[in-house]
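After this come two complexes, each holding subunit A, first together with subunit B and then together with subunit C.
And now, the complex of A and B:
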């Protein structure tokens, strides 16, 4: 399996196409006026010198033709199709906002990914991560022991500074369960201690879980709804078993989208808890004065904010991010456009984990974002999404932006005002 | 039965029948399929977002309109002329009355005459735009051109008939024929968007709305 198609199976293809053709898709493919108004709303189109083949409706049309010709569809066409649906759309839904009919090209592409998956044709990196996720409970295949070790280690680190802080595990009935991206324990464990620090200072009643702690869902990007459902269920089960009121999602975009908005559909019922993104929780803490930030820390920097599509446009948290910024940055400049109207950074739709063959296209499509950032003159670009974060770092190198890319947690670590009485006594340390 | 009587009588009935029947069928099929396969529409149904979504596009209160003022202006004018002219034309009013003894308000003939020209002109604008803009050309199909012809033909022939250019008898027959042709193709082509627009805007508006985000 992986990149190469196994033998093309027209029956399976046809069956999947029929299964996935819902009333909306049918209507959209029929009423698209071919007006072209969506063209310059897509970052792929703009970054590729306005190549007409990159305009959203054209990509959607390709899918339509495929479905109509499902009997004559063969491996060569599948290859071509595959390049379009994986290499030319991040399913960011920007074009949808600008189409007079609100035609959702992203969901057309998503359906096409399901068709491709029915032929075993998916990017192998995604497949590997999803298989690992289904088997081990997280996409990095971290064992439960390693996970708990990491949490304990982070707790110790944190306690060196804040002796009273803890990272509770499986605390039943806590106010919220904090779920993360598996990259955190694997590559950025500090993300976890930073979050714990914020929660501690805010006096939160929270917990982490031994199981169902990885809230990412790459199966969603593969059009593998069955897999995506199982993955989402791991988180839901963990949360409902712990009887928490809320689940707080780490600074990650697609994780929020899949848990809050897509998974209730896959799972057929509403969750018994509320889903909240970190930015919303942080904004709430700042608003209520539960945490305080020292604005002077970043006074010499100019900041801008990258709205992750799946946090702002598809997650409804555009204002929350901006509210935090007010407490954090003296010199803040918006990108144009921004908020719900932001351009995708080019790292979405699974592009970052797809790595390999897609990297070049990913960097190219990020040109739009790079230019937007350049125009702000910012030295710091804040983004509450792991995918955007990686993409922006790559873009900064590629386009020589000279920016620091930071998550809110990273900035908080430096700017949080810690009450003296909570700090560790410095008697056995003589720094400074 | 003369050709005129045929077009004025039975074929007109057929055209109206296909038009109304076809559109009704489209709507029924949409509900039927969507209740099975588009459950989120019903689960997250919201009048508020439905109306907001339609409202922001029925009048040009959206980012697309700001970004594309010319296309938006021509597009609105085109659609208004397309709908208003045939419904409020004096000559059509007479026919409505003759057939069903119903009558309503109509526009002065000089106004509808200009509106006809505007409809044709703006239609041509879109036709030319299709040919010259690479990003529009690439999604254009033969059907798009044909449908533009079918849409404009009743206006062109109507204009010629009103001014009695060429042979009136022939032109009026053509006019009736094209008018009926247009009605017949609407339910089966992208022209059905005159109604499906509202459905599409509603579902997308609600989908964005449940994320608390605008779709305009």
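And now, the complex of A and C:
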């Protein structure tokens, strides 16, 4: 069981349920014919010995029963509801692809999470990250000074190899603003220098921002839509102040969903910029010949591609990832199924940051993914999403897959062909 | 919470394998964690990183970003990843007895 509801109040719950139950949600909940087609589409169902309680239709029914005014609502019911909506669904939307009525269980669960949040009953690790984000402007409470210092440091490191490369900050009117996940400056800063390397070699006109640079939005997963709106606004404000044409999102899945699809609704209008995921930009650069890769670098490895749900299925970028792979891998094997029909890794929907209490379930539901990967015989699994990345590394240990998990940027760092004239000269180093 | 015994000490650990409380940390803990973190032999450099993490955590209540770690230790970023293969956020924090960092890690 999770933590106690911080402010349990059945009246608030019912009132919020009424506010959030729009016609579409009510229709979905009412037209579900319980046909069972969704059962086999769900990785929780498959990994939990086909427990009927793991069927998406069952979970949707539980939401309906909980918000039904005729049913008694107490803390026990809330506890049970909480376990289902946070612990048994990653909101990956795979079931929707197969539902004859196109019922969007992810939206139902998302609404249900906002009801739980109205009672202060949310995973505590998510709450910590969200509170930190609202206070500091990023989910890891990095100060502006530390952020800028890290960018300058990564620029210096990059210039040791590529003297002309820069990491521009607050460049007004640039073609695009590049936004990241706070884990990058905090623990994985090479993600930033790798991106800067790609942009430099492609001759891009880009910038980063002092503010509104963390594009993650864990409030969305927590069910705190007011908080999610504030967080999304930080990025929107930064992009619109800098008057960029596009915002390019790092290799992160939920950030794309939040910024591109959800936040215009929360914020009440379209953005004044286009939102593009890294995979789409990288595919564009390769297609146009702006960057070139040496395919021989990974010639001795068999690669497969993990489609992040929020990039491939929900973001419409399944083909972009595959286009990149053509330039990068000699031996590439698809998982089955793949593309928009691929299974969730089990780490989505906030499961990775929800941490401890949800870890066992996360590893268990990841069994489906582990089996998919095993069947490919791959030695490298590529994924452009931080949550997939961490989950796959955990799955590799848990199910002894023996794979390397890599982002596109990590592979590019090895495989990018750098024109001689851009490389650091040996003499320059001697003079230092 | 699970309990583990190692070198005559008992530790309570959370689901992510982090020690339950910073106050329960002792050098034996580092010895216990090293194998699962892919570290064969502990060197002075490992200890330096561990001590920097602990000092920072005691002052600020959170783990430092890797920039601060490189500045204080004088080690290059790549070297820190060589020392702690699962990274400064996971492996090094775990060994130093810090709680699992919050957020997408």
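Details
The criterion applied here is as follows: the second predicted complex is superposed on the first by the 421 of 432 C-alpha atoms of A that agree within 3 Å, B and C clash if a C-alpha of one lies under 4 Å from a C-alpha of the other, contacts with A are read in each partner's own complex, and residues count from 1 in each chain.
The criterion applied here is as follows: a contact is a pair of C-beta atoms (placed from the backbone, for glycine too) under 8 Å apart; a residue touches a chain by one contact, two chains touch by 3 or more.
No experiment lies behind these values; they were computed from the predicted model shown.
In the superposition on chain A, A:95 contacts neither subunit B nor subunit C.
When the shared chain is aligned, no partner comes close enough to touch A:239: not subunit B, not subunit C. Once the two complexes are laid over each other on the shared chain, residue contacts for A:153 go to subunit C alone; subunit B is not touched.
Judged by the number of subunit A residues each one touches, B leads among subunit B and subunit C.
Residue contacts after overlaying the shared chain place A:265 against subunit B, while subunit C stays out of touching range.
After overlaying the two complexes on the shared chain, residue contacts for A:27 are found with subunit B alone; subunit C is out of touch. When the two structures are aligned on the shared chain, A:195 is found in touch with neither subunit B nor subunit C. Of the two partner chains placed around the shared chain by superposition, subunit B is the only one that A:50 touches, whereas subunit C remains out of contact.
Contacts of A:368 after superposition on the shared chain: neither subunit B nor subunit C is touched.
Counting contacts by the rule stated earlier, no residue of subunit A appears in both its interface with subunit B and its interface with subunit C. Contacts from subunit A toward subunit B in the complex involve residues 21-24, 26-28, 30-37, 39-40, 45, 50, 52-53, 55, 57-58, 61, 96-104, 261, 265, 312-316, 318, 340-341.
Contact residues of subunit C toward subunit A in the complex are 14-16, 62, 65-68, 70, 77, 87-89, 100-105.
If you check the complex, the residues on subunit B that touch subunit A are 29-31, 33-34, 37-41, 43, 53, 57, 62-64, 67-68, 71, 129-130, 133-141, 144, 189-190, 192-193, 196-197, 199-201, 203-205, 207-208, 210-216. Interface of subunit A with subunit C (complex): residues 125, 128-129, 132, 139-142, 146, 149-150, 153, 157, 181-183, 185-190, 216, 218, 252, 352-353, 355-357, 359-360, 386-387, 390.
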